[in-house]
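The following block contains the structure, expressed as structure tokens.
Note that the chains are named A, B, C and D in the order they appear, and that numbering of residues resets to 1 at the start of each chain.
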Amino acid sequence: MELKALFLNCTLKKSPEESNTEGLINLVRAHFDELGVESEVIRPVDYDIPFGVVSEMGEGDQWPEILDKIKAADILIMAMSIWFGVRSSVAQLVIERLDGTYAETNEAGQYPMYNKVGGVVVTGNEDGAHACSETTLFNLTHLGFAIPPNADTYWVGDAGPGPSFLEAMGQDHPYTQKTSTWMAHNVVHLARILKENPIPPEGNTVKGWEHIPHPG
Amino acid sequence: MELKALFLNCTLKKSPEESNTEGLINLVRAHFDELGVESEVIRPVDYDIPFGVVSEMGEGDQWPEILDKIKAADILIMAMSIWFGVRSSVAQLVIERLDGTYAETNEAGQYPMYNKVGGVVVTGNEDGAHACSETTLFNLTHLGFAIPPNADTYWVGDAGPGPSFLEAMGQDHPYTQKTSTWMAHNVVHLARILKENPIPPEGNTVKGWEHIPHPG
Amino acid sequence: MELKALFLNCTLKKSPEESNTEGLINLVRAHFDELGVESEVIRPVDYDIPFGVVSEMGEGDQWPEILDKIKAADILIMAMSIWFGVRSSVAQLVIERLDGTYAETNEAGQYPMYNKVGGVVVTGNEDGAHACSETTLFNLTHLGFAIPPNADTYWVGDAGPGPSFLEAMGQDHPYTQKTSTWMAHNVVHLARILKENPIPPEGNTVKGWEHIPHPG
Amino acid sequence: MELKALFLNCTLKKSPEESNTEGLINLVRAHFDELGVESEVIRPVDYDIPFGVVSEMGEGDQWPEILDKIKAADILIMAMSIWFGVRSSVAQLVIERLDGTYAETNEAGQYPMYNKVGGVVVTGNEDGAHACSETTLFNLTHLGFAIPPNADTYWVGDAGPGPSFLEAMGQDHPYTQKTSTWMAHNVVHLARILKENPIPPEGNTVKGWEHIPHPG
């Protein structure tokens, strides 16, 4: 069974600058390679994406290109840096634009993200990884993603500012190695399980609930 | 296939006082009944549970009774009230005691909560449901639970203090009806899928990672 | 004593569209008028502000114009909409750019935001106001702002999507009226107290701690 | 001018076990000693405090003893350990019991915590300090406390479980030294300023707003 994974690297940095978050993405991606999962990494900051909460915002809006990639993927990994203890503005912008998907359904009548699996990658020079992961994984469940156990991996340094992932050689950190291994395997396991056994469209389709506005 | 669901009603109120959270639990539970899922509701506050982070704390500690029920369940619904914008102290205490499960594995060598499914029920007279849900669902994924799409349901009133679920007839609120329906169905769907297709013990077992202390 | 207040309306909407957050800002602003405090409202989304964490990002970066206004103000009110349970991407972007102020000091050698007072205004159609306020007020304290009691005001509707502030006539909501009154008065009270009694530069100046990188 | 500070060490550990949080409290306390501020440390877990949201819960409830100490203090430092990325259940229980103070006023008609100053001390073996601080400082503002700049200090290790404050010699960590110094000085500075210049009872008294239930 072929699976596709998409990483959205929500760094603030425009390529080709080095991204710490990309460093940790690479650790996860190596597992996807071993597991035969095709993956792609894109940086939203390289696209022109206006602030908003619908899927199409007119001329010049490049979000639809990213949304097409998300729709084509079985696994979405939201990758981000921590700023001021929470997820980056770019990660928040991406989640806001995903609000537009509530206006659509899949063929079964569910939200279009149903039967996709979500995971999170976080790097920061310190504290805030739990906050980034919990908000993002929860938002993904609202959008329709399923979340396996141990669906996040992160690297942070100890209290206060300091070296970031690349400089600190975060890829050698035992906990980060463990969690990136477990996360990579679990999103693949669950994506395979759901591809063969999709969530039945019973008790979770939009039909009958159209009188309730889309959440945001 | 028979499934069992356990609700932990983490209200601060000792029975037999009426609990708003129990009101919303009942809405979810009615769906479990229709779906042929056996369910039980317990209030941790009715047990003698010392603060701590291991599974057994000696004489008088009644947590092991609750832990046995969790282990016997396929679905765990953490139900809680909001206080000061976040989950109740009783909900936090329960999560802390679950830390003890990291010291065990299931037969496959995974954390013992693997292949169980988690969901969340929240009530409050106002604001804070996202915070309660996101923290709790995320903690459950760390412990080994899988989370389906739309895995939480809540009722809150508008800004500021005011009537709570029972007085406000929260059971008639359209969004709460939708989310309790979707949540109930999705935790059951995913629990059935995982019961027949457990997460393979590949890349997610404790063996080989024992040098890393348990998370907390 | 003359005081100046600046509101940053971190709505996603470009003017001249109506902003719900501006509706609640107006409630607070009316109190500032009564109290003789000069105020200005600007929308960061109307400026060209690149993602980043320094104060000057080169040609076309309009953040320095906003930063000058912040520096000239005694009171900064961060106003924002809730999206997916947390503060808007525009609010997060503003906080990230304020990171650049850690590289400067005031005349006393403290962070340049010392002796300014912060407050928060939040609107959303539902749940998430506590999360927005707590993250933002905390970030402001790190940057150097002081926070008086009851420093936030918000309006949200009950559970799930629904009408927003303007449509719901949020300005008539008793709790929102109370909190906007208290917040407006308290930021002014504390700003006056600190203008006459600045926080002494003892035990809180950068000198001697330059070996520690700036926080982020 | 004499000031009193009270630390509530919301560790889960019953004395006389060593508490990591107490280790960091001692760092802050040393500054209070230098500054001539009398301080006391108590552990709520050593008292019999039922779960609840009012100030008096009847026979055997020892919360009123702690509340008396809070009322007698000019500075309240909430100290806590991180569990599962957020503040300990004991810290949450303390905040919940403080809900009861909304039912009272000071002589000026404000909430009884007005003109007191709050600060936060956090330790954990890893990630979560921002979450603990932001929730707690925000809750304190709602209750009536004022918050100076840089009002929190914490020590956490890098990603994942590992040694805690005492074992890791957290007291030697530069960022923790800086933030404990700044925090200690700033809560004292602001407490002194407010003792001589209390927040005027204008636009922030309960009178006239009694129709709005107490927040929670």
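Definition applied: contacts are C-beta pairs under 8 Å (C-beta built on N, C-alpha and C of every residue); 3 or more make two chains touch, one makes a residue touch a chain.
Computed from a prediction, not measured in an experiment: that's the story for all the values here.
Between the chain pairs A-C and C-D, more C-beta pairs are in contact across C-D. Listed candidates were B-D, A-B or B-C; the one reproducing the A-D interface, defined as more than half of contact pairs identical by residue number, is B-C. Inter-chain spacing, taken between the CA centroids of chain C and chain D, is 24 Å.
As a whole-number value, the distance joining the C-alpha centres of chain A and chain C reads 29 Å.
The multi-chain contact residues of chain D, meaning those touching 2 or more other chains, are 84-86, 130, 134-135, 138, 142, 160-162, 174-175, 178, 212.
Viewed as a network of touching protein chains, the structure reduces to a complete graph with every chain in contact with every other. Residues 84-86, 126-131, 134, 154-162, 170, 173-176, 178-179 of chain D touch chain A in their complex.
On the chain A side of its complex with chain C, the touching residues are 12, 45, 51-53, 83-90, 92-93, 95-96, 99, 124-125, 135, 138-139, 142, 160-162, 212-216. Every residue of chain D that touches chain C in the complex is listed here, in rising order: 31, 110-111, 113-114, 130, 133-135, 137-138, 141-152, 174-175, 178, 181-182, 184-186, 189-190, 193-194, 196-197, 199-200, 202-204, 209, 211-212.
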